[in-house]
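Pasting in a structure now, in structure tokens, and then I'll have a few things to ask.
Note that the chains take the letters A, B, C and D in the order they are written out, and that residue 1 is the start of every chain.
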Amino acid sequence: MSKVRVAVAGASGYAGGEVLRLLLGHPGVEIGAVTAASNAGELLGTLQPHLLPLADRVLEPTTVEVLAGHDVVFLGLPHGQSGALAEELTAQNPDVVVIDCGADFRLEDAAAWQQFYGSAHAGTWPYGLPELPGNRAALQGAKRVAVPGCYPTISSLTLAPAVAAGLVVPDVVVVAASGTSGAGKAPKTHLLGSEVMGNTSAYGVGGVHRHTPEITQNLGRLTDAEVKVSFTPLLVPMSRGILATCSAPLAGPVTAEEAHAAYVKAYADEPFVHVLPSGQWPQTQSVLGSNAVHLQVTVDEAAGRLVAVGAIDNLAKGTAGAAVQCMNLALGLDETTGLSTVGLAP
Amino acid sequence: MSKVRVAVAGASGYAGGEVLRLLLGHPGVEIGAVTAASNAGELLGTLQPHLLPLADRVLEPTTVEVLAGHDVVFLGLPHGQSGALAEELTAQNPDVVVIDCGADFRLEDAAAWQQFYGSAHAGTWPYGLPELPGNRAALQGAKRVAVPGCYPTISSLTLAPAVAAGLVVPDVVVVAASGTSGAGKAPKTHLLGSEVMGNTSAYGVGGVHRHTPEITQNLGRLTDAEVKVSFTPLLVPMSRGILATCSAPLAGPVTAEEAHAAYVKAYADEPFVHVLPSGQWPQTQSVLGSNAVHLQVTVDEAAGRLVAVGAIDNLAKGTAGAAVQCMNLALGLDETTGLSTVGLAP
Amino acid sequence: MSKVRVAVAGASGYAGGEVLRLLLGHPGVEIGAVTAASNAGELLGTLQPHLLPLADRVLEPTTVEVLAGHDVVFLGLPHGQSGALAEELTAQNPDVVVIDCGADFRLEDAAAWQQFYGSAHAGTWPYGLPELPGNRAALQGAKRVAVPGCYPTISSLTLAPAVAAGLVVPDVVVVAASGTSGAGKAPKTHLLGSEVMGNTSAYGVGGVHRHTPEITQNLGRLTDAEVKVSFTPLLVPMSRGILATCSAPLAGPVTAEEAHAAYVKAYADEPFVHVLPSGQWPQTQSVLGSNAVHLQVTVDEAAGRLVAVGAIDNLAKGTAGAAVQCMNLALGLDETTGLSTVGLAP
Amino acid sequence: MSKVRVAVAGASGYAGGEVLRLLLGHPGVEIGAVTAASNAGELLGTLQPHLLPLADRVLEPTTVEVLAGHDVVFLGLPHGQSGALAEELTAQNPDVVVIDCGADFRLEDAAAWQQFYGSAHAGTWPYGLPELPGNRAALQGAKRVAVPGCYPTISSLTLAPAVAAGLVVPDVVVVAASGTSGAGKAPKTHLLGSEVMGNTSAYGVGGVHRHTPEITQNLGRLTDAEVKVSFTPLLVPMSRGILATCSAPLAGPVTAEEAHAAYVKAYADEPFVHVLPSGQWPQTQSVLGSNAVHLQVTVDEAAGRLVAVGAIDNLAKGTAGAAVQCMNLALGLDETTGLSTVGLAP
């Protein structure tokens, strides 16, 4: 079988670098153009020295000319640039698969987009979280994919079984601790090592983080009840990984065992989502570099709440792993090709 | 003025070491005996090399004979050992001030003690969190002090103004990210550097952590409504610091500005509690080594919740700083003597 | 082709876990018995939750009975246990390949062994560093392999071209900064996260570290001159990775360009050793999880020294990766099977 | 006694922030103007939230007008700006003490300055390392002080007794691992938390780091022999602290005990320099936030080298602590006023 020819736009950043890392282990693809904006002309080996087999590649500018001629194009671009580029690529090749790691096409609600992003809504593409009901079918054979945000991915997967089964009132509280790579590679003072090491902070508190409406959208598809999401992201001193602590009021009597059983059942056929044995709680180290999702759930009877915790690698399953998983679905490959559930620990 | 003579039992651990660090900067005390259990006979300089002025001190065994003859005795001992020791010390000197950094005398509810600690309730001592209503008076001139747990300190201070002012229904959710020093210095596999660096995990999920009833007790004194506490501690890759993210449903309409004003007012006279200017959120790095508490609050209208975040150094204000603060109150000194609101950053 | 059946003894530790992680990605092997000492009877999923595909495996005791019946046995055992076990395994199956991740069979000099390990010398097995002259041939088809120590691997590879080409007087100084996983998973106070985060320390200073004679042995094979090694290991706050800074007096005039060219030439045919372009210096993050070695070299004319820096992942190329590489050589497989030069960054 | 009025220029950076942190604990000073360049007009509480007592201070521009009227002015400015500013301040007040945390006036050798800094040599001020022979007298009553670089401080102190006593041939090798705060607060990609956590790297290899001639200058004052310095700095994943591993060939027979005794004797009267008991090695955590220097030395007989290791806090004794220590000397105060030998650990 001839290999699928793939291009990566935004290859100097963390998302693009992680897409390339995964593609290097994917047996069905050939890596074509790698592009960047301000870093165009530089060696990939200088900017991404961990991608040794690609060290001699020169970053090209992110243009239609460079990206045309590929079967699949991954986009890791600033907000607002993906739509026009995708249209031009399709004009050249109607079969091209465009997988956007950015936020432009994740939300269905134009008003929510306007509120949180402050610009006109570009539209909605198939949402790249195949583990939520209904999504996988839309991704199979898709020509466009909107890769979910890292926080929505783990928050939604951690809460979905409880919401879908009606175990909880969907008035949820999510506090998600993230490594710094989710904030990107552009240099900012508050992301300096000196600032983040030995330090934990909250940001985007009070429902203002842009991932909030995306979590609400995902959970809203699972229930007829009104969904409320209180979402607080934390920045913790590690490069990768998100641990989401999620809770919601119990809708009625349920034991920890019943909740656990509901989670096991919900994800029984999912290759990447793993509900840990009762009593074992997720940790981010276990999923680093992998596409695995580790989950656990219990019931706090005194507080009247179900509490669930989930862990992913924000760059892998939270971004680039999901992107490759969706590429596999779009191309009709085995969904797990080139992806692993083995983490790098310690 | 002659100096107060102070002994520290458990001086080889993190809490005892931090008490000593603070006492070295306290102008009114003279450090007498420093004691340990298995480390008795060793040099303090070997075990706590950062305490250079005490490097030549030899750790003595933790006995009544060694600890007698001091005006103040700090106890950093395993559960169940503080009570009998305190009685024997008082028998020798009725004026001795005993400050217990352990949990034995924090809870009023014997049933809660039994449920969470699994042994008979030893009693209740004045609770060393002077910033909560009613506590300071009981600590002035006290001969016994129960130093609060680190999580209850920051969780209670972060939620108290909202609960006391009736801004929220006291059905609270606390997710608190802690550095590893709160877990102590005894070697355990899951606390190894290789396990905690690059890793975030949840533990004691579902209301089973022993600090849960202490938070409930503190908030319960502020309201007639039933208090529910959903508490989840996280272990994050840093040595010191706790960041508590706390939320509760709004009891009625309140703006972020009103909530902020309530917090500012509640702590206006407190020397160590600082409500940050609106829009600036606490980070643990800012309070490292200090007795300061940094707080911020907002309102998430869409979620219908008040969200507040607080930061302390778990070893300082969370343990040893509170202990010294309470010693000052017990002895009639200025409450802030030897304590600082200046953190060590970056 | 039928798969090679492999057992791993010491599977609950860091070295054993890493061997398993790599074997899970190796197309030619089937993982048989996984064994442990005190952890026998426990689930691998509890102890190594990152190895999700093996989560349901039960650790068996490390006995000949359990380990027999495999084609290859990896040993990650305490000093002194490997020899007898290997003999018994061979008695049952003369073709068994035994790959020892421990130190027992690395040194040729019985006196050096006695001096540094304090026990009788067990013997010498083929030394698992194929990149040094003469070693690869001895490993092809070998039935025994002594996997090198992590520090000797990177120190030797970083210095070898300079010593072999006579660019330097082999009176070398090595200062190697290591992550904590090299110290193993047994809980010790000085390895606690609270002790290692925010901290750098030196240990084994003054030539007393056990890896010193191993470095001397490796360099001694490359020159007729007397080799002197001043080796100082540092413990730095990260889980994985070693960065070795190595220098030696220039033997005569040589430019930085000539030194670089000598390094490039020396490793031109090596699949895992990469000399970076001039001016780019190695960093440990680039090699995490991979079998890659990143090197750079320059000349300090004012100081009259050649200075070279090398980076590896201590658990991968420094231990388990080398073990798998040597297994490939022993079995006649392609040397790179199941191994990667792509690191996990950031 | 009336307090000394002090200004800090460059108060938004790490060095300036640390000077302010120490001054807040200094009983003899009053903090006057705090100034910045691009951050002028902002609240100090926003930029340095750990300095709570100064949170309401507004940063003023760094001008002569603002800085005039103070008894002491600390300068934390980019290269090349200190000289003219100091002259103007002296023109207004001949008694003003100017303490420069920058590099402009550290080197005596104009050619070395030109080689390493690429601009004209500005001159030489009294060198703020009082622990080296001859320096203290020049600092007492000085009106100008050049605060040493952080690497030269610890490298020189770690090697000085051996060089001065002629125990070694002054052909030294220094490998110094530093936290990231030494690289400053200006945002750069390679200093991002995502890049430095879990990572160790070397930089400025081969004698090109600007601190090299400063180390050479310091050691050169101690011996008539030619001094050669091979200096390699490492960036390790922590915010603060430097650990310098230093070695040199033995000049003749010397035992570890004799070397230790020489170090103890050399620093017997120094309040901040502490030679640890034999067998205990320095770690950076022990000196964090303090002005202490921890040293240890041994002899590697097989390698024929003396090996010494030293630890400081790069921002404290490495910069701001030295600056305050020199202010004390300049003003005739007790040299230790406002400074501590107690570190913040864990």
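What we mean here is this: a contact is a pair of C-beta atoms (placed from the backbone, for glycine too) under 8 Å apart; a residue touches a chain by one contact, two chains touch by 3 or more.
Remember, it's a predicted structure, so these values are computed and weren't measured experimentally.
In summary, the interface at A-B recurs among the listed pairs C-D, B-C or B-D; the equivalent pair, sharing over half of its contacts by residue number, is C-D.
Here the spacing of subunit A and subunit C, counted between their Cα centres, is 35 Å. Rounded to whole angstrom, the centroid-to-centroid distance between subunit A and subunit D, based on C-alpha atoms, equals 45 Å. Of all residues in subunit A, those touching 2 or more other chains are 14, 181, 185, 192, 194-195, 197-198, 237-240, 283, 285, 288, 345-346, listed in ascending order. Taken as a graph of touching chains, this assembly is fully connected, with contact between every pair of chains. Residues 14, 179-181, 183, 185-189, 191-198, 237-239 of subunit B are the ones touching subunit C in the complex.
Within the complex formed with subunit A, the subunit B residues making contact are 171, 173, 175, 177, 192, 194-195, 197-203, 205-207, 212, 228-230, 232, 234, 236-241, 243, 245, 247, 256, 281-285, 288, 296, 298-305, 307, 309, 311, 345-346. Subunit A makes touch with subunit C in their complex at residues 14, 17, 21, 24-25, 43, 45-46, 48-53, 55, 181, 185, 197-198, 239-240, 274, 276-277, 280, 283, 285-290, 292, 294, 340-346.
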